[in-house]
Every structure is written in C-alpha cells, then in structure tokens.
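In the two assemblies presented below, chain A is common to both, partnered first by chain B and then by chain C.
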Partner chain A sequence: MGEFDFSVWQPSLPFIRDGLLFTLRLTLVAMTGGIVIGTLLALARLSPIAPLSRLAGAYVDLMRSIPLVLVILWFFLVIPFITGSPVGAETSAIITFTAFEAAFYCEIMRSGIQSVPRGQVHAAHALGLGQAQTMIHVILPQAMRNMLPVLLTQTIVLFQDTSLVYAIGAKDMLKAADVVGKNYNRPVEMIVLSALIYFAICFSLSLAVKQLQNRVAIIR
Partner chain B sequence: MNYHWNFGIFFEPVKSGDETYLDWLITGLGWTLAVSLTAWFLALAIGIGIGALRTTPSRVLVLLANAWVELFRNIPLLVQMFLWFFVVPEFLPRDWSLWVKQDMPAKEFVTAALCLGLFTSSRVAEQVRAGVGSLPRGQRDASLALGFTLPQAYRHVILPQALRIVIPPLTSEFMNVFKNSSVAFAIGVLELTFQARQMQEDSEQGIETYLAVTLLYFICAFAANRGMAWIEARSRVPGLIARTS
Partner chain C sequence: MIEIRNVSKWYGQTQVLKGCSTHVAKGEVVVVCGPSGSGKSTLIKCVNGLEPFAQGAITVDGISVSDPKTDLPRLRARVGMVFQHFELFPHMSVEQNLALAQVKVLGRSPDEAAARGVALLDRVGLREHATKFPGQLSGGQQQRVAIARALAMDPVCLLFDEPTSALDPEMIGEVLDVMVELAQEGMTMMVVTHEMGFARKVAKRVVFMDHGEIVEDAPTNAFFDAPASERAKTFLSRILHH
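Take a look at the complex of A and B:
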C-alpha cells in the first residue's frame, strides 16, 4: 500500500470548482446546440428531398464512426483554417462537442419523430395546419416527450465524454485535478477525487432519469 | 492560411530515426487491434457472466452485478484509464506494487486492455440481460421442470438462445471498442491516436495524418461489422430468428 494524503482535496476545491463549471458549461452548450442542430438534421434525414436526406445521413454516419478523440483533434486542427485565426482549446471544444453530439441527438430525434403515429399528421392536416405547423406544434412536442429519457441519458454520456478535451488541453475538471495533482505531487489522490465527483454526478443523474422514465409514458 | 499538401509524407523518414511515418501508423494500427481485440474477449467473457447474473432469482447476485454495471458506466473511460494506471497499483501489496510499476512487461498495453475490457463488459452485460429478458418465461420453466439445475439451464438453454438474439447490439459494441481504444493514448499506449498526434507534431502535415488515421479507423469498424455479420449468419437458429441483413 502506498501512503495517501487526502488533505490535498481541500486546497484543490477552488480549482476543481472552476474546472467543473467549464465541464458543465460545455455539457449544457453542447446539449442545447446538439439538440437544436440534431433536430434539424433529423428533419433533413426524413425529408423527401433526396440530396438533403443523403447529406444529413452521411454527416451522421461519419461522426458516429470516428473516435471522439480523433474528432476533437480534427476540429482543433481545422477550425483555425476556417476562421483564419487560432482559437483556444475551450472554444474549439465547445464547437466540436456541439457538432459531434448533434449526430447522436439526430438519431434520437429521428426515432422520436418516427414514434409519433401517422394519425397525428393526418389529424393535424385535417385541422388545416400546414407542414411546418404540423411539425412544430404537433409532432416535435410529442417526439421530445417520448424521447426525453433517451435524450437525457445521451447527455450523461456527453458529460462523461467532455473529459476527452484532455487531448487538446482544455481546462475542464479533469485537467484541473491533473494540474493540482502535479503541483502538490499528489496525482493519485486527485484522480480518485475526480472519479468520485464524476460518479456522484452521473449516478444521481441516471437515477433521476430512471424515475422520469417511469413517469413519462410513451404516447401511442 | 495556406496549407502545403504533401501526400508523399507517409513515405518520408521521421525526424529522429530511420523509420518512415507509414511505419509509425502501422505500429499504431497493430496496438489498436491488440488492445481492442484483447479487451473485446475480456468484455465478452465477463459481460456474459455479469449479464446472466442480473437475471437470476438471487437478489444478492443481482445487486452485486448491478453495482458492477453502474460502477463502470458512471465514470468516464479516460478517468478509468488513469485509475487503473496510476491508482490501482498503489492499492496492491508492496511487492506487487513495485513489480507492476517497474517490471511488468507491456504495462501500458495490459492496463489499457484490462480497463477497456472491464468498461465494455458492463455494456455487454446490459445487452445480455436484455437478451435473456426477451426469452419467453417458458424456456426457463421447461428446462427447470426437465430437471436441469439453474446453471445447467443457463448453459444449455437460456444463454445459447439469448446470445444469438443480442448479436446485432453486440456488433455495435464491438465497433465501439475500436473507437474507445483511442482513449488509451492518454496512458501512453502507442496506438493509432497516439501515433497520429506524434506524426502531426513531427511532420506538421496534420490533415494528411488525420485523414490516414480516420481511414484506418473506418477499416477497423467495417471489418468488425462484417465479422459480426458473418458470425450472426453462421449462428442463426433455423426458423427461430428470421432476420435479413
């Protein structure tokens, strides 16, 4: 057994808090942006316009078949060419995660939209709603509701995946733990602390999602 | 910004040493395959066991197996890599700890394969549990009525059917293993992502590097998909599961 000194946890707290705030900000921005873009992608995939549908499908398949770490590295390399100036690791991480998660939220929204019975569409049309109105007022609210637990589960996965910004050195919670661990020469204690924090957050969120799952019944 | 394309870069020698960049990528592919395949077999062996335990009548076993799954599902893979690499050796008895830190051969590889294997086992367990749950109750009841013990019922009746049912979801887990193996770069396994970062820094031809590595990951995922499809076709029970793919 090595010797441990967990008193390092106390001075590390302000750094961990700042790191955790970035991790949470990244998660929330990527979730919001990802769901919005993902929904648009899902609409594109389901659209009768073949090139649009194929383009969206290709984007989703591409993102889903490359390791996330590689996507993070790709964006970090390519974004400066597009914007013309170097961007920080944090900005790059936010853009990457939004674009990457959109592909996953797209698949969830697509099956959500497909889970809404056709009768709803016919009824909406019979009531005089147009295509867009039917989508916005009838289908999407039900799709969202049906898929809420899955969307949240994906968000928990996203929250864990944000730790991979380690690859480009963005200052998230894990990085903060890493830096404090190096400064105080207590890396082991700091890894344990970050594991505990991740576990506590993810486990309680997943319990909450399970509760929700029992309460939100799928509308058929 | 201007970018100087140079697709010949792969055949040029690296800055220090007499290897070419292609050699680096081939080494990387080798380690990626080694980590992924070792982890996958570990994940199958443990995941099937844990998944089966979660469907037994014993509440204690179910609780333990559920705890296993929750533990590995709620900590990021990267943090798990660090836990196995830096933290676990500290908790071993002194002699073992020293051996692991100083003498263990291919330490990075063993740690990464073990970590990824256990991480994936929780996902396999989830699928296996669902597969066993989807079998009609009568299968279990009938085998017990025929005089099988519970382990025998699992061995000869329940698992052979459940495993065939879960091959499609397991296929996507198998493809995930290759993707997740990229996280092993963080503890210094010389796999594809590690080599990509190294080659980008050394050659300054980032786009060509990442294109090549992306292509190699694609090939791995595709091969995994075809391999599982082959197994799926071979293991199909005639008349039981009518799937066409």
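Take a look at the complex of A and C:
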C-alpha cells in the first residue's frame, strides 16, 4: 500500500459533510423522540397499573438485551414487511434508533423521577395540583434537571452508535468515508479522518457536559 | 372547620393511629405535640388526604376527606399546608412558586397571581427576594415563602407539620412571628410543633399524642399548668427543662 496520502481528505469533504449532516440529524431525531417516548415509558413503568408497567418493563428489557446492530437489521427487514413497501435505509434507521434509545432514556428518566423527594409530591398535592399537573410542573422538570448530564452522555453514546447504520447502507458519515476511501483507494486515510471527526465532536461534547455539570451543581 | 373522628391507620401490622378524635373550630389554633413517632405528623397529613387512613372520618369545612366521591385536589386547594422541610419547588423562582397553583388550580390569570404573590411576599417581609430561587434563601426565608405560597390559595385553614424543626435556632423566631400574626388575625390553624412558647401564646387547645393515641386534648392553660396524664407530664418536663 505504500505511504499514507492524506491529500484524499480535500476532495472527500463534501461527501463527509453530507454524511455528517445525516449522522447529526439521526442523532437529534433519535434523541428527541427517544427522550419523549422514553419519558412516557418511564411513566408507564412507574404506573400503579400493573399490566402497563409490565409491558413497558418487557419492552425495555427486550431492547436492552439485543445488540443494536441486530435491532437495526431486524427493523430494516421487518418494517417493509409490515408496511408493505420499503421505507429506505435512512427512515428505517431513524425509526430504529428512536425505538432503541427510548429504552435507555426510559431507564434514565425513571431514576430521575425517583430521585425527586416524596415531599415535593406532597407539596404539589397539598396545593391542589392533580397527578398529571404534579408530574408536568413539579416532578419532570426536576427529574430532567437531575438527569441532564446522564441524558447528554447517553446522547454522545447515541451519536457514536449511529455509525452502525453502516450495516444497512444508510449514508451516514462513516459510509461516506468508506465510499470515498474505496473510490480513491485510500481506505485507511478515510477511516482516520472519520475517527478524528468522531473524536473531536464527542470530546468537545463531553467537555461541555462536564461544564454543565458544574453549573448545575452550583445552582442546587 | 376540621373534624377528626375515630381515625385509625396501620402500616402493615403496626397501628400508627389509634382511634384519634379531635376538632379545630373556625378561627381556632390547635397545637399538636408529642414525642417523635407518636403519629402527630401522620395525623395532620390525614387531614388533607396526603395519608390515607383505614377507619374513621375526617371532614374539612363539611367535606369528607376519605369519601371517594370527594374531589380531593379541589379540597386540598382550600387547605394550606406548610412542611417541615419547606418543600418549595427548587426549579422555580420564589414568584413562580407562589404563582403555580394559583394559575393551574384556581385559574387566576398570571398577572393576578403575580400581584397576589407580591402582596404576600411583602407581608412575610421577602418582597425583594421574588426573583431568587429557593436554594439562594436561608431556611427561615424559605419557610416564610412556603407560608406565603399556602396563603396565596386563600385557604380556609392552614396545617403546619413541624414548621420550625428543620430550622437553625436563630431562624425559628422569624417563622413563628409570621405564624403568630396569622393566628391573631383569626386564621384557623392546626399546628404540629414542639414550640411550647408558641402554643402558650396563641393556641386555644393543646392535643398531646403518644404511640398513635390522643392522650390529652385540653385547653392550653390547663395542659401546661396541670397535665392530666403521666405521659404528658414526662413529655413536658423533658422539653421544658433544657
């Protein structure tokens, strides 16, 4: 193979950018959808209605016991079977990640909700707030704040995991790097580039989370 | 105003309230005291239905607390409660703490709620702290905000669950001052406390509890001057002589 030739990075940039945009979009949609559905799942898990709680628990256990790659492949093959028409790798990836991450965000939100002291519930009830109002105005904002660093850390993991959509051929950043690498016959250089970009983004996000943690700690 | 009849409650096998009966008339202040674990906090939490009870009946302003048909949130909105650990909402500013239930429960407009909030903060001497968060206030200040928050709902009566027990000694006075003022204005109050000076000053009656039972329910002077039971005598000698 000879010496490294990093000049391939220059022409690859437009492709990498498009791939990165998809990776970021996938991360943001899966995070937002995952937190919303995860919160609903957490409420179901903590619900006094036993069947609801068990159903949510079973869903979380299932998702957490299967490797993500398998879930990605499985959804990719099963969704067209259910809907009757192929949905494309990108849409399939978005649905899969939202569904999968919801299980992880569920567990985070569940411990967040449980971290809010019982006295807060009493105080809200004593003021005449109903169950739903108490949850929306008193419990969830505090749960969210208590869990913010963990939620963001999970999002960084999610950002890295999106590279697994490679398995179904969705055009994320890793796939773009791979394609360019093959076209220019410089696969190693392109893998190095994508690794650097992943590292730069994840490392700065981690630093940001640490900063945030300190700030939250002061407010409390 | 508050009618408690024969209330019993169990936690599993342990009976924590044993046939408790007492009442608080309109405009009256009744102090509930007793050693820790005597069930006084549990009893006061039964009054607005925060704690369910197995037997007996409690009515507030003629409305039954345990009747499944009672709209409990609506009843609670009319019964103010102040807690040992303040329980302000830490993610909201002081003014937001005061406005939340006014807007969401009573349906007041945000402006109306804010105006009422400012007036009450003024009254507890904390007007300049409206935009601060609970974590930025001292314990005494937080408890005064909590009292203002309860008053913002225009309650027909107020319940206090050991309102000064979590405070540093130098802050107890500022909270008791607010409570004494309320009592003198004719607010109906049921107060679980060990502050016997407060009881002597404003309480019409003192209820003494031990092991889940109401052992004595006597006019304030009678209770302090001549407690009828040995248990009340022992309790008083312990808390008054140190």
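Quick note on the criterion: the second predicted complex is superposed on the first by the 215 of 220 C-alpha atoms of A that agree within 3 Å, B and C clash if a C-alpha of one lies under 4 Å from a C-alpha of the other, contacts with A are read in each partner's own complex, and residues count from 1 in each chain.
In the analysis below, a contact is a pair of C-beta atoms (placed from the backbone, for glycine too) under 8 Å apart; a residue touches a chain by one contact, two chains touch by 3 or more.
This one's a predicted model, so the numbers in the text were calculated from it and none came from an experiment.
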Joint occupancy of chain A by chain B and chain C, clash or fit: fit
First, second, both or neither for A:161, with chain B first and chain C second: first
Touched partner set for A:194, first chain B, second chain C, both or neither: first
Which superposed partner A:142 touches (first chain B, second chain C, both, neither): second
First (chain B), second (chain C), both or neither touched by A:174: first
Chain B versus chain C as contact partner of A:130, first or second or both or neither: second
Touching partner for A:51 - first (chain B), second (chain C), both, neither: neither
Which superposed partner A:84 touches (first chain B, second chain C, both, neither): first
Contact breadth on chain A, by residue count: chain C or chain B: B
Once both complexes are placed on the shared chain, angle at chain A toward chain B and chain C, C-alpha, multiple of 10 degrees: 110
Smallest separation of CA atoms, chain C relative to chain B, angstrom: 23
Chain A residues within the chain C interface of the complex: 119-120, 122-130, 133, 137-138, 141-142, 145, 219-220
Residues of chain B that touch chain A when the two form their complex: 1, 3, 70-71, 73-80, 82-83, 86-87, 90-94, 97, 175, 178-183, 185-186, 193, 196-197, 200, 206-207, 210, 213-214, 217-218, 221
Footprint of chain A on chain C - complex, ascending: 45, 48, 50, 73-81, 83, 85, 87-91, 100-101, 104-106, 133, 135, 149-150, 153
Chain A residues touching chain B - in the complex, by the definition given at the top: 1-2, 4, 65-70, 73-74, 77-78, 80-81, 84, 160-161, 163-164, 166-167, 174, 187-188, 191-192, 194-195, 198-199, 202-203, 206
